[in-house]
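As written, the chains take the letters A, B and C, and residue 1 is the first residue of each chain.
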């Protein structure tokens, strides 16, 4: 091919003299960061919080960092090609926003040792490839306490994306938190098998409402459908990642939020100083990643006190929701009294605690 | 007196073909003017120019003394020109009255009433609620004529209007046209039926190869003279078959009943007929009395349940439940009444259209099409049946109606079938070609083929057939020996008056 | 004076060449304005969209990788479209093909037989054909509309895939993520062009194109399908079986889509996962029509559509275009192209002036 980018730009410059043409600067002193997410980066949800995290990079480093957002990238061969393309274009720091990018990302990491990659919610690690995730369960435990104080039917519900350990732990902690206030609480779950499917999510929420559920946990949806449906039905609801209070001004229970800025900043610092090391990062309240906010004023004062108390213990690391005795759905004791589950056990959790009435899909 | 319509030096060229060249024409109010010419002589093009469908390359159209620019048919209709086309422009999925309402203003109820009224006056009876796709070719033409009359035109163009009408209706139509003329309307009448023209028209313009070759008063000339002027050479002689020895039974229908699901279609009851080798059997009758259904039942496009397979016997074997392909394998061939879209694929070349039914004649080997054989078969057909076309590669849709009919007829005849079914063999075909087609049918019969001709033209049937049946409202008359029957007797059966 | 479209006597050669160029020019012009309004680098965006997919060996190899399944499926579908059998469910047939092919490596993850790959592809193609055959059976037996049936079968196929990936076929060590184990090496297609991801399925797509050409140009069975599409009454008149046309169309379309599905899991994916198809089954419909339902045209249109898809992704990476702007550009190009196609068979005349 005789045409390369540079002489094409020259020729097209002639045609577009009236426009300024900012040619991407790939100078050595600028770090090019690419963020790849599977859904459209809307105003709320998972992709949005990742985008906010990269904004913090730009805020701190200014012209030294340039972030490219690649949204709506389906997992599979296309994503592999696009990742390759970002590296070929001079991006040396990649943030992969979906589990499905794992195999392609690992291949890329091996081929390009100079590139550092952060990969959301995976389980494989390489010297320049770090999986990262958030301990949502710390927040959902607190939400469970609040939900138990507001439910009348003693039935809580959850619309879940995929039955993966990350989401299972969130549901279990939510259930345990609720049972810490009222041991009779039960939780039903509907899995929609999608991160982004407003219609199915709405249907799932309606199915839960029909069962008499009066607090709903929107577990890892990137749309406000569940929250909106709950608001219309006059039922409390909460979600993960970013606040959706705007969609449910009256019945919004709160948000288990994530702030990726500290982790991204720390990783980019390490990359710039050449000390980046691939390692699993499972970020907690203590890491300033997981937080709870936008509490509903309906929560009784005594419960608010209890929640604040539990929150400070979670932040200090003095307390873990997965401390025995914990009984599983079959009624058997899964965690003995006094034992706290280690991270590896939580990360591979494939069972529900007693009180979750829906069996886990196998 | 200022002529109603005058053309001066009109020319029109399509690609490489000069369709009209320097044509002058004058039509006066209160007269019936004939346009005579063979297929391809440029009659239809000239009419399209007058009706605004096409714009002339050169020349002037003058309407009541004023130059007129007709860029589309609605311009022409506004001036007061109406036209009935040879190929119909009706929406098949709409009813008769819905089709009318697209052009004619007025409520549907009022229109329906006018349709019934006009239909009764001109013998063009039609149910305004009938859906067009369920109508026969003849019935559709009635709709076209009625639609024009609804607009009260000053000049009415009729392109071969009588070809599908039964004799009593032709007479009625002529009465109507004369009445319209008496009211001051001008009529441009295109026909190849010379007797009709001599009967009806005051003046005539004859076209040959896009040019005017004569202007005359048809009543002062003989039909033979007119024909010679039209085709540029003496007329081929008419054929009258001499009786000959009959062969074995080839096709037999017995106690054939067919119940049509279509509410506007025709059901057949108790049909019985038989054809032997070496004879031509005619099916007379007005279109829409079950001809389409009868032809489809014989061809295998409609099949009977296995329990009734005996109702149709081909070469002595029951075939009622066999499809068209299997009947063709048993030496049956068929020329349908509609050529474009049924007898031929308009968007395919003549070569590929030969393949449609002639594939068994060595045009396909091991499932592969043999292009060479296909082309030579087609070239042979074009040459032997005098099809006027650039060659085997020409698209079927580009041929005139008569030429395409010759091609299809040629293709089916070249299959050398034991039984040949032909529906409306000369409909829309000019007089020279029609005579030729009839001659070939007779020649085939003389070689021992069994032939069934379904036609609305009684004269044609009398000319070539040995025996006749008349189809009326789905029932078949007894067999009538042509030598011993009369046009009057057949006409009586056609309108269902005979008991 | 009025503008009027007039049908040409024959397709214009000049317009055939000019139409895509005019479409491209108009699309570039419109998007220059659009990109400028968005404040994006227009030159860079157009370079990424239009030229970069062809710039260099690596880019072209990615183009070939994307083009393979599009071409394969489109060839299968076009045969049916030409006889008015509208198989809209190639996406579902592809998914079923991928599932059937995946069964082998999932149940025999440690297999080493060289027959693994041919068996997978055979199963995949057969699976796609059976899935499409359901629609053919319903159409010929009960006159059920194949457009609706194939579309609905796609939804069912997606649910079958979900069920398998969330249940029995889930990777036991995959932390409950909905995907299968990675396939063993014997279940992966050999790479055709060293150093790229292009595997031998591209050859299969090219062979399929050749077969489609032979069927539609030289086989009597293909001719019968053409007649059925162009003039159904002529097909009935000649006695060409309509149900045979329906079966043949759907089975061929299903075979091609199932084959493509098998090649995806045995090719770039290397496992069965939820995003086994990124809309290949639907894009192939556009490819088939852009290629004029002609086997040679489809080879060109598959190549161009692949370039358009990849160019769109490139523009997001290199020119920071939002994904919606990319869709707008792709849509513009298609709309202008389809519009300009009119001029191949028609010309504009200025009416009322008389033709000079």
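Throughout what follows, contacts are C-beta pairs under 8 Å (C-beta built on N, C-alpha and C of every residue); 3 or more make two chains touch, one makes a residue touch a chain.
Worth saying up front: this structure is predicted, and the values here are computed from it rather than measured.
Highest C-beta contact pair count among chain pairs: A-C. Nearest to the global CA centroid, when each chain is reduced to the mean of its CA atoms, is chain C. Rounded to a whole number, the gap between the C-alpha centres of subunit B and subunit C is 45 angstrom. Distance between chain centres (mean CA atoms), subunit A to subunit B: 76 Å. Put simply, the C-alpha centre of subunit A and that of subunit C have 35 angstrom between them.
Here subunit C touches subunit A in the complex through residues 32, 36, 41-44, 46-47, 51-52, 54-56, 58, 62, 65-66, 162, 166-167, 175-179, 182, 197, 264, 267-271, 273-276, 278, 309-310, 313-314, 316-320, 322-323, going by the rule given at the top.
Residue ranges on subunit B touching subunit C, taken from their complex, read 14-15, 55-57, 69, 71-72, 299-301, 323-328, 334, 336, 338, 341-348, 352, 355-357, 359, 364, 367-369. Partner subunit C is touched in their complex by these residues of subunit A: 1, 3-5, 8-9, 12-13, 15-16, 18-19, 21-24, 34, 40, 68-78, 80-82, 85-86, 88-89, 99-100, 103, 123, 162-165, 168, 191, 193, 347-348, 350, 361-362.
Residues of subunit C that touch subunit B in their complex: 2, 4, 9-10, 218-221, 223, 226-227, 230-231, 233-234, 236-241, 351-352, 354-355.
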